[in-house]
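Structures for review follow.
Paired with chain B in one complex and with chain C in the other, chain A is shared by the two complexes that follow.
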Partner chain A sequence: MAGSIQDTFFEECEELLEATDEGLSAIEGGNHDPEVVNAVFRAVHSIKGGAGAFGLNELVAFAHRFETVFDEVRANRMELDEPLIQLLLRSCDHLYNLVAVARDGGETDQAHHDMLIEALDKYIPEEEEDLTFEPMGLGGPIDIAAIDIPQAPTEETYQIHFRPLKDMYSTGNEPFFLFQALQEMGPLEIVLDDSELPGFDSLDPEESYLSWNLTLTTSEPRSTVEAVFEFVEGLCELSIEGAGDADADAAALAALDAVFGSAPVDLTPVAEPTTMVEETTTPPFEQPAPVPTPEAQPEASGAKPSAPKAESTKSEQRGPNPTLRVDLERVDRLINAVGELIINHSMLAQQIANLDVADVRDVETELEGFKNLARDIQEGVMSIRAQPVKPLFQRMARIVREASSATSKTCKLVTEGENTEVDKTVIERLADPLTHILRNAVDHGIESPENRESANKNRIGEIRLSASHRSGSVCIEVKDDGAGVNRPRVKQIAIDKGLIPENAELTDSEIDNLLFLPGFSTAKEVSNLSGRGVGMDVVKNAVTGLGGRINISSTPGKGSTFTIILPLTLAVMDGMVVSVADQTMVVPITSIVETMRGNDDMINNLGADGTLLSIRGSFVPICDVAGALGLRKEDNDRPPGVYLLVETETGQRSALAVDDIHDQRQVVIKSLDGVCGEIAGVAAATILGDGKIAMILDPESILATSPTTAGAFDTERRMSNAS
Partner chain B sequence: MQAEVKSNDQEVKHAQFSEFVSFTVAGQAFCLKITQIREIRRWSPVTILPHAPSDVLGVMNLRGAVIPIYDLSARFGLETTEASERNVVIVVSSDGKPVGLLAESVSEIISIDPEEIQETPPVDSRNTMEYIQGIISHDETMVRIINLDAVISVPEQVL
Partner chain C sequence: MKTKVLAIDDSRTIRNLLAATLEEAGFEYVSAVDGREGVDMYEDVAPDVVITDINMPNLDGFGVIEELRGTDINSKVPILVLTTESAPEMKARARNAGATGWITKPFDDASLIFALKRVTGAAA
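On to the complex of A and B.
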């Protein structure tokens, strides 16, 4: 139980950190809207709250400093200048690290931690302690002066009555930690009141029966005492009475009532992060704006003063769509089941077609409906898995910041198309390759500020990260405005490392693509950042592992662009069913431009092995699929009669020769991972209507392996120019 | 049936006995622990994997999962099997992933006292030493116990 609550907390932390990051980035971009500032404050505050409940002291301490500094900003007591924003951004990065350490174990960089704390402390004003307790507001900055918190420089004795509701236990709060925190302030006397405890027979193990009477003597101000209970607000009945000021400050008590006492029932639905499927409309730990005086209340709850508090809060928020948090495994089970359903449909259709019945039209109509429904379900389920790339891009912004400070270069990351939705697995597995590319871009791509200036460029390097949908696939582009690939050096290194022969004649694009060769690393010395022996080949493997491909293009002096093309989903695609050397195979429809039946007149020989297909006056090289896959015997060299015209990512056309085309249909992609190693020319497998497995071909890799077309691209270009 | 009767007779010793399924590959008797086997199916034509080595016959559909089929005979360095309907595919599990092994035919279930298992005597055949983890004598024939991990590890040539 405790574990799952903690998991929930860490999940929330991720979201809160993303919100913080997003807010800070907006502020960095010049948006000083109080709402943005408040959003960041709330997020950090919630992290601190949650961390406190789990006794993650280091995280609490750091988040507290962050929050305190930010509170100054929020109250307009401090100006958000560039150094402060940078410090806050780096602190936010460090929060990520601290959360990661708390979750996964490991060590934080202590020196870095201390350095940031010291830097943050410089911004914290002397009277910081008095300001730690400030109720969070949702509707804008709260006039803190309205709550006249008494200054308590001398020792004070507080009588605290604390009675947790059962919801407090279910949110993972532990009275012990609260008491421990109180004890740190001064002598604490704890008296347990178990008078409500029923007999054993009528005891409900989930119910809360215990309450405590605490007597605390401390020199800390009342606000600090109250702050201890900040995160169980609404989850307990609480009264704090100072011996000296019981009647002294009615306004403060009224505020207290608004926060703790008056509306525990209304508030409990707000903070209930225990269930796995959870409404995230209202982030937990957040409370509606407590207003200092009862008269002001209608103002906060808008036109419906009688509405329950929690509800009015919801309507006041910017109104994100209600969401469900669902275990990924459940979604995946559903996706598998739908995949089987689609296969099952094809099997049914095929068997009905084979039946020797005179009139099956009605059945076929119904079957068509079945197919459409199955497809609807399938698209719906797939869209559950689809997520915007925004969090991934935010992480990349951190990477660029870290990389920039490590290399003392100044770069900014500009992101585009953050709302492009991609399969969750793709997003997860893109993180590493993207990190690598971006680090490389900062380390090798962007020049030092001095060099940039002398090249008439802005001192600040720009890296543009964009995502977009492009005809059935997702395109992710990383574009830097750095120096571009140093081609002579890349070629020399490749020669030195024996990757290419010394006299190799390579085109510019071929040289650029040398970067993807295993064991290639251009860093002159091993830097902290990149060039650890693993190079861009790792990136390429990761991308091809996702069924995608990566290209690099570069202009000397202007920069380089990495383009990653990925399939939209990992589960289903439209394919053309063809037969090749008695085997049934599937070619992805997205790569096919045109299909045609050829005759001998259209085939032109070029040289000893090359054959070209003439299509409306232009010539494209023919690639025999069976030959490329090693399925055709040498003696049978009669080219098959059907051609699939395909276009590669680089825009080159080629004709794939197959025996026949059968059908066009949606197929469920079955990975061959773990079944066998990577097979040249084959992307994955699928199960056809008859229960047989068919290979899904990868035209690009077939063309790359085929001896007849690998060298023919240049020829094609020349031929089509000539015609 | 035979195995069942036998194990009833020796109920007292039953606990320490292991049950093996014996089968023939290229005329030789082999066996696998019964707990290693998920199911046994009749051979049906498989889908060829391009560029695959000769001992990888291809892949087949096992209730929606794509599983590779290896030719045991070819893997052991014996002649390649011309698979037909009479042959069987023994589905085993490797790290939770099913793998099919083509065998000529399945013979019987035999109970073996672990103490009866003899070490493979050194012979001049690299493949044999690698894939056989021991031998037993059963009904006066020699039955070879297959080292399943070695057999189903993905051969490097496929890459």
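On to the complex of A and C.
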């Protein structure tokens, strides 16, 4: 149980940290609305409260400082100036770290921790001394833990005089319950003194007339006895007198005990004999009704009308935005089932088409309805997995802050389209590549403040991170206003590293894309940021691993833009079913620009093995898919097949030659991981309506393997062809 | 008949902790996610005791106490405030508003039950 609650805590922490981050970012952006400030305060406060419950003392102590400083802001005692906002942002980042350490283990950066604490402490006013937040169980003034400490059962007898003031009753405190609590500690004798009770005519129902004299014999420490009256302190006249000190000798105790125990009535200092003596051993005693106002009575337990049984469920349904937390695995099972449903639909359609029935129109209409429903279900399920990129973007804001301070540059991250929803897995797997791109942007893209100034730019570099939906894909863009790619240097490095031949002639775009080559790194020296031996090729691999594409464009002096295009879902896609050398294959619709049936007039030979397709006056290289996959020896009398015009990420167009197009349909992506190794040109597989397995092609990689269409990366061959 | 607790706290962690502790101790537990919801459902739930956080969106803990005490018929229900503020003025302010007592976060099972006992007399 405790484990699952702790999980809840960490989940909630994520949300609270996001809220803190969001609030601080809004404040940084100039929004000092009290509600924003309050929201941040509450979020940090909740983190502290939850962390305290699990004894995460380091987190508690830090959150407490943060909260204390922020409370000053909230109370308008402190101005939110730029240095403070920056400190709070960094503190928020550190909270993330502390939460992560608490959850996953590991070490906090102690120097950083101490530095932030010192910085925060400077903002904390003198009188707020009590920054030590006591660990669990000791937080409250009720030191209940002491009760459990086995002590020598030295019994003590207390004389307690208790006279409630009338205010006590308006706080909902009941003498009766206090006595019950006392009674649990040991034998208790209660003597009511109602001597002050006036006659009925002069009775003021609001006034308090009763007092009690209690005799308690208990082995509990005095502090526990006092703790019972904690809530009514100041609302009553109270005296607690022990018969002796705790270290009084046993004989004295026994003697006193005998006296008190045997003659309770004698010791009662009540003048009038209207006393009520209760034998403590006879439960339950009557409620010593305080001034009985009419409303006072139904409060005894059980007197309330019972609420309907459905009450607790009802309570869960309220609230502004009801959400349901579902195990991701269940959603994935559902997604799988929907995938099977789609396959099932194609099979059914195929079966019906194969039937020897004259009129199948009605069935086909219904089947169409089935297909639409299946698509609706699929979209619905996908939207469950879809999440806004906001949390990811907020993390990136931290990355940029950290990177800026590590490189002594000043940058700000501007985000756009934070509410764009992307598949959860995509978001998760995008974190690393994005981190890398952003660190690179800060480290290599943005210039030092001095250089920026001399280039007539704002000292503060701007990195724009945006997300948007673009025709069935998600587009994520990182745009910096830095120096842009230093093309001569990039080219020189590529030559030095033997990645391209010395005489290579490359377009600007091709040079920019050299950054994605494995083993390429422009860092002059290994900085502690981006220069960790991994280059942008890792980023590219991560993106292509998600079925996406990445592209860079750059303008010298103005900055660079990285564009990542990702599929909306990882499970189902629209594909064109084609046949290649008697095999059925699927090409993703998103990569196809147009299709056309070719004829000999359109084909132009270039050199020995190059063919170009002429389309409306322009030429594009042709890639024979069958040849590229090694399914057929390239023969010259290739049937004038069908050409799929595809566009690569660099904007180059090529034509994929296939034998025929059969259909355009949704296919369920089945990963080949674990079935076979990586096959160049093949992205995944799917199951078609006839139950057969078809490969899903990856046009990019097919083009890269084909000699005629190999792009900029296969520069050597290309260059030798050209020369 | 079980003692029914209405817990009002915007923190899911705290709500879960309260639920676990109270249900194990035999209390009936109903929760609300903020002050406004807590006050709104109060009449339907008819709790024997209310536990409320102080810092909450929509309506804070003081607001909850004031609204619940504002109606005569409810004026006697015990209200415990959950507070990390061990500062005396926070308790004084809660009490002036009409709170019955307080539970200091972080709380352990025993102190929570002890606090409930002192205001409801019930062990469960």
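As a working rule, the second predicted complex is superposed on the first by the 502 of 723 C-alpha atoms of A that agree within 3 Å, B and C clash if a C-alpha of one lies under 4 Å from a C-alpha of the other, contacts with A are read in each partner's own complex, and residues count from 1 in each chain.
By our rule, a contact is a pair of C-beta atoms (placed from the backbone, for glycine too) under 8 Å apart; a residue touches a chain by one contact, two chains touch by 3 or more.
Keep in mind the model is a prediction, meaning the values are calculated, not measured.
Of the two partner chains placed by superposition, A:Asp33 touches none, neither chain B nor chain C.
Comparing chain C and chain B on the residues of chain A they touch gives the larger count to C. After overlaying the two complexes on the shared chain, residue contacts for A:Gly681 are found with chain B alone; chain C is out of touch.
Contacts of A:Ser46 after superposition: chain C is touched, whereas chain B is not reached. When both complexes are overlaid on chain A, the residue A:Lys670 reaches chain B alone and has no touch with chain C. When the two structures are aligned on the shared chain, A:Glu594 is found in touch with neither chain B nor chain C.
In the superposed pair of complexes, A:Glu364 makes contact with neither chain B nor chain C. After overlaying the two complexes on the shared chain, residue contacts for A:Gln583 are found with chain B alone; chain C is out of touch. Chain B makes touch with chain A in their complex at residues 46-52, 56, 59-61, 64-68, 97, 154, 156, 158-159. Touching chain B in their complex are the following residues of chain A: 336, 339-340, 343, 583-584, 629-631, 670-672, 674-682, 685, 687, 691-695.
Residues 1-2, 4-5, 8-9, 11-12, 38-39, 41-42, 45-46, 48-50, 52-53, 55, 130, 135-137, 139-142, 144-145, 147-148, 169-174, 176-178, 180-181, 184, 227-228, 230-231, 234-235, 295-296, 299, 301-302, 304-308, 311-312, 314-315, 318-319 of chain A are the ones that touch chain C when the two sit in their complex. Residues of chain C touching chain A in their complex: 1, 3-4, 10-14, 16-17, 20, 28-34, 37, 40-41, 44-46, 48, 55-57, 69, 72-73, 75-79, 82, 84, 86, 95, 98-108, 110-111, 114-115, 117-122.
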